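Some structures are shown below for you to check.
Next, two complexes with chain A in common: one pairs it with chain B, the other with chain C.
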Partner chain A sequence: MADQGSYLYAVAGPLPDAVVDGIRGIDGAAVRPVRDGDLTAVVSTVDLADFGEESLRQHLGDPEWLEAVARAHHGVVDEVARHATVAPLRLATVCADDNGVRDRLGRWRDALHRTLADVAGCAEWSVKLYPSPPDDPDRAGEAEPDALSGAEYLRRRKAAVTHRQDAAQTAAAVAEDVHGELSRHAVAARRLAVHDPRVTGSATPMTLNGAYLVADGEADLFRTAMAALAERHGDTRVEVAGPWPPYSFVTVEPA
Partner chain B sequence: MTVAPPRSDTNAQISLVDLLDRLLGTGVVLAGDVTISLAGVDLVRVELRALLTSIRAEGSDD
Partner chain C sequence: MADTRDRAPATRPYGSGVAGHGLAGSQLAGAPQPADLADILERVLDKGIVIAGDIRVNLLDIELLTIRIRLLVASVDKAQEMGIDWWRRDPMLSSGNGSGPDRRREVEDG
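Moving on to the complex of A and B:
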């Protein structure tokens, strides 16, 4: 069995060699184009000691390895995306050799063409929302319970819970509003799973992790709409990021 | 398929959490013939573990 494989970063249409020349991928390996008809896969050689099924499974448990590979993958995709429409591959797609790559380009030709057409001339933007922490005007429900009668303590406790529930409902409504409005300025939109509070480090849970496919010519309008929304919902923290390659909008799954 | 004009925007930084969201959860899935497959791997758990570790690494700068 061969000990090297061809790692796929992205698929594009016809791609001049010059676009790919000089780009380095995983482990600093040179990136090369592999063509089949008018489709080009962007590929580099990887060691199957790292990317074989069993070792890959082990590596996925190694955060440093995962980050290095993810950053290298993104670096290649992002560089090519500056010059061409790309359909990024999911992390760790490896073929035995370049013939295997060409075989896949041929087999999924129609789906790849469709997804490239879907994202042509567009980039992905991310918008995340965090509501401000609910201001508990009536904090006595949690503080100094000894100083209160039992009934008064319970009343305040209940009021505090109701207050928090109202705040959560309001935050959810704001997220709906923002996502709906931004979707109107986007070619496509998705709500990704919100991030774990341990990861965000935010005092309040993320209420929206939106991904928006925005036409390059519409990016200013999108940002303007976002600024207006941020003003409308002044007590919500907004994080806008992008433009990125259209990762969230090229989901092609083999039938 | 035509080659799109170069994007005018500069390289936008992407955080690790956003990147893993996308590289593990979306993207074109073409089963490789080395049968590299992420199927059966709990990617959310993988992602969370990587992120928590990277956060700890940032926090302990000594």
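Moving on to the complex of A and C:
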């Protein structure tokens, strides 16, 4: 087997050389177009010592390597997305050579055309919600139980539990409301898995990790809607990020 | 939806990963910041088209990795600070929270 492979970042329609000229990918390698008919794959050469199946498996467990490759992958996709509609590929899609790339383009032609048509003229926006921490009836149930009568302790305990449940229900309802409203301003919408609180560092769990495919011409409306929602739910922290290339909307779902 | 294909702006305002941009008056994260590693990892590892390459890590391994990544997506440094540096010791760290990862996987075709 050759010791180099062709790493795929994204697929686009017809793409002038000028769009990819000068872009650097993983390990600083020059990015190039590989064409089959009217489809263009955005590709760079990688060392199979790093991207062979076995070494890749090991590398993926190395967070520094993973971060560098993920950022490089995203950097290329992002740069091309500034100029053209792209369908990003998942990390670490490697073919043995450019003929392998053309072969994939040919075999996936129809699906790729459909996907590119779906996301044409759109970008992805990310919206995350975190409810504010509940206020402290919580504590009332837990503090100084010795100082309370049994009945009073139980009453407070129950109130605290109810309060927490109410807060959770409210937070869930806010997430529903926001997601529903934003979906109306989007071509497509998905709720992604929420991130673990241990890594978000937030005092309260993320209640919405929404991804919205928004037409470029509607982006201002989308943001206006988001601002109105943030106003309506003033005690919910909102994080908006975008525009992203449409990663979350080119996923090939199981049949 | 209007046909946007002909508009094809030479440059789209991509890539800033702007947090809270333009949403005055709400409790949004402050200054614009580079795209968050968590968001990038989530997208490049779990989203995007899967085209079977000639060389590809077994999807089950990717899934396991994705589960783990979900635990540390905010930042690698932070994960280390918090002692959840699973890659150093624990080969089978569970996802450990109720929400869990999105179990849907794409079929690998080809």
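The rule is short, and it goes like this: the second predicted complex is superposed on the first by the 250 of 255 C-alpha atoms of A that agree within 3 Å, B and C clash if a C-alpha of one lies under 4 Å from a C-alpha of the other, contacts with A are read in each partner's own complex, and residues count from 1 in each chain.
Going forward, contacts are C-beta pairs under 8 Å (C-beta built on N, C-alpha and C of every residue); 3 or more make two chains touch, one makes a residue touch a chain.
Being a predicted model, the structure only gives us computed values, none of them experimental.
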| item | value |
| --- | --- |
| Partners on chain A (chain B, chain C) - clash or fit | clash |
| Chain B versus chain C as contact partner of A:73, first or second or both or neither | both |
| Partner chain in contact with A:14 - chain B first, chain C second, else both or neither | first |
| First (chain B), second (chain C), both or neither touched by A:176 | neither |
| Touched partner set for A:152, first chain B, second chain C, both or neither | neither |
| First (chain B), second (chain C), both or neither touched by A:38 | first |
| Partner chain in contact with A:234 - chain B first, chain C second, else both or neither | second |
| Touched partner set for A:116, first chain B, second chain C, both or neither | first |
| Partner chain in contact with A:60 - chain B first, chain C second, else both or neither | both |
| Touching partner for A:166 - first (chain B), second (chain C), both, neither | neither |
| Footprint overlap on chain A, comparing chain B with chain C | 5, 8, 11, 48, 51-53, 56-57, 60-61, 63-64, 66-67, 70-71, 73-74, 78, 81-84, 87-96, 100, 104, 108, 112, 115, 120-121, 123, 126, 192-193, 195-196, 198-201, 216, 241-244, 247-248, 250-254 |
| Contacting residues of chain A [partner chain B, same complex] | 5, 8, 11-16, 38-39, 48, 51-53, 56-57, 60-61, 63-64, 66-67, 70-71, 73-74, 78, 81-85, 87-96, 100, 103-104, 108, 112-113, 115-117, 120-121, 123, 126, 192-193, 195-196, 198-201, 209, 216, 219, 241-244, 247-254 |
| Interface residues, chain B side, partner chain A - complex | 1-4, 6-9, 11-38, 41, 44, 46, 48-55 |
| Complex interface listing, chain A residues touching chain C | 5, 8, 11, 48, 51-53, 56-57, 60-64, 66-67, 70-71, 73-74, 78-79, 81-84, 87-96, 100, 104, 107-108, 112, 115, 120-123, 126, 187, 192-201, 205, 215-217, 223, 226-227, 230-231, 234-245, 247-248, 250-255 |
| Residues of chain C defined as touching chain A within the complex | 1-5, 7-15, 17-29, 35-58, 61-62, 65, 70-76, 78-79, 82, 84-85, 87, 95-97, 99-102, 104-107, 109-110 |
